[in-house]
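Pasting the structures here.
In what comes next, chain A is part of two complexes: it sits with chain B in the first one and with chain C in the second one.
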Partner chain A sequence: MEELGFTVDDTVDITDVVCPVTFVKTKVALEELEDGQILDVHLNDGEPVQNVPRSVKDEGHRILKLTDNGDGTYELYVMKVGD
Partner chain B sequence: MGFTNEQLERYSRHIILKEIGVKGQKKLLESKVLIIGAGGLGAPAALYLAAAGVGTIGIADADAVDLSNLQRQVIHTTNDIGKKKVDSAAETMRAINPDVNVKTYYDFVDSTNIMDMIADYDFIMDGTDNFPAKFLINDACVMAKKPLSHAGIIRFKGQLTTILPGEGPCYRCIFKNPPPKDAVPTCKQAGVIGAMGGVIGSLQAMEAVKYITGVGELLSGYLLTYDALKMEFHKIKLPPRGKGCAVCSDHPTITKLIDYEQAACEWHPGDK
Partner chain C sequence: MATDYATLKKGGFMRQKQKDHFSLRLSVVGGQVDAKQLAAITEVADKFGHGYIHLTSRQGIEIPFIRLEDIDEVKAALAEGGAKPGVCGPRVRTITACQGSEVCPNGCIETEKLARELNDRYFGQELPHKFKFGVTGCQNNCLKAEENDLGVKGGVQVSWQEDKCIQCGVCEKVCREGAVTIADGKVTVDQDKCNYCGRCAFSCPTDAYDTTPGYLVSFGGLFGNHINKGEEMLPFITDKETLFKICDAALSFFKENANAGERFKFTIDRIGKEKLQEKLNEAYDKKR
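Showing the complex of A and B:
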């Protein structure tokens, strides 16, 4: 894996669900974390990658990075902001 | 408490809301709401609270489902005629959401049973149709310090307020005593438009959800009135918790529950 420059605290796979449960699962995973911790979201191309980052941002969290896995999936790295 | 995938999907529209989220939905699932009266107000309120995943819903009523109820009491169906209203309401709530634990009280509230009935609940909803019950519920909630949603509907009008004992005014701060017997017509005598229960009962459910999740501002200190014919809502600011209130002031004169006498929705053929 390439150098991320940060440590991932938890991972959630949302490739097995569709909108809006994609974001719901991401929210649930984020709620388990502390302020400043980092979540790696494994998500599909298309609607999830279009909507989930935006929704996460709307909730005040920080998007650190989005990487294309080249297989139709992405990794979205989110830093939790707030309790 | 973890959510199952089915719960995540069921409550997804709540969880997505920033104000509710996972924490708010958990609060709802852990909450207990008592609905007194399974009629025009209680029916829609019970439907929405069950759907919302309020973990324990108590419902109290001593009536049976009557054909004339079905024009507005949307939790009951034609097949339920003759059943206890609490049983019919419980069946519908369980069918909507198996997460909900429904407790039924086949009883009208009075001074002997209400304190025990409300003791276990976080929020009380008054969906009754008569003044003695409304004063009794108010007084009991004040004494037990239980938050209460009060509401009333008649003809094309409805009103509600939320009572937070010790914080805002109570029903008796606004209306000191029940009106004289027969001075005010009941629903049965006056009629009520079916959707009025839907509007006001749903607003009561909204207040319960807001209280439980701690979001927004409650209708404490305000009376919201709705006139369907004029299509007007008015939010009327109430005076602060009255120094002189007989039940909720710091020196109450009413310290025991009162069973007022009044024919509640009693109408006999031949009455005017």
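Showing the complex of A and C:
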């Protein structure tokens, strides 16, 4: 696996749910983290990858990276901002 | 004295099937009605109407069952709450708008403000036939810009800023037009494919896109007895001055060329699209 340059503190899989639960699940996972910790969101291609990053950004968190797994799923790395 | 229905209609009083009753159309701009106006409208509907209002298809409010003899009292009661009758007939009608960038996360332009400005400039202007303006804030087109004689659709022109980009790839994924490509650490936006929706910029985690808001304008839409989708005839417009010049040009083309009772679309067809195009180009170029 490619070097990320940061350490993941928690992981959430949202490939088993659809909008808007995708974002809800992500939000809940972020709530359990401390400011500055990093969440790895495992998500599907299509609507989730189009909408979840923007929703996360609009909530004020910092997106560090999005990687394509090549199997129709992605990893979105988010740093939690604020408590 | 004979009732002057034409004047009443001009003032927003729509004659009902029921003798001497009117459905009173109110002036609403961009779909916004404040609480004070609502209170006055409620009072009038209760006291002079049948205790209800009708929401029109174009963001208007009508109070049905207003009686002819109550008209002056009704107008006075509405005026106290800052509400007033709208218009019907051959003139510029209600300017409709979505909530736009002031409220909506997808909005590219301030639609409410623009609707008020268009209203101040054009509302009620006498023309050969009805003329409808609609303002929608983005490509989602909640306000259905192309249904209007003149539709304004907000958009943003984007320009990628390399120094802020973290190569996350979100913009390429969110673009629905296939306009964004990332190769060798460079982001390219194909301006021919770009539809100005702004999804790339709005979703960018580091705001690595500079955005310039602007307008796409469509002409000749109608959605009544005949249906026609308004057509975009100009490039993306980035300043309001030019937008107003273009609106002026479209309205004067209509005023000068239309037969009475002829909608904009049919005037364009009869006189020739190229003639309108000439006028629009003139207005578009004037400010550049």
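In this section, the second predicted complex is superposed on the first by the 83 of 83 C-alpha atoms of A that agree within 3 Å, B and C clash if a C-alpha of one lies under 4 Å from a C-alpha of the other, contacts with A are read in each partner's own complex, and residues count from 1 in each chain.
Convention: a residue touches a chain if its C-beta (ideal position, glycine included) is under 8 Å from a C-beta of that chain, and two chains touch if they have at least 3 such contacts.
All of these numbers come straight from a predicted model, not from anything done at the bench.
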Which superposed partner A:K57 touches (first chain B, second chain C, both, neither): second
Partner chain(s) touched by A:L66 [first = chain B, second = chain C, both, neither]: second
Which superposed partner A:V49 touches (first chain B, second chain C, both, neither): second
Shared chain A contacts, counted only where both chain B and chain C touch the same residue: 58
Of chain A, residues touching chain C in the complex: 45, 49-50, 53-54, 57-58, 62-68, 74
Of chain B, residues touching chain A in the complex: 3, 5, 8-9, 12-13, 15-16, 18, 21-23
Touch list for chain A against partner chain B, complex: 17, 20-21, 23-25, 27-28, 31, 55, 58-59
Residues of chain C touching chain A in the complex: 105, 166, 168-170, 173-174, 176, 199, 202-206
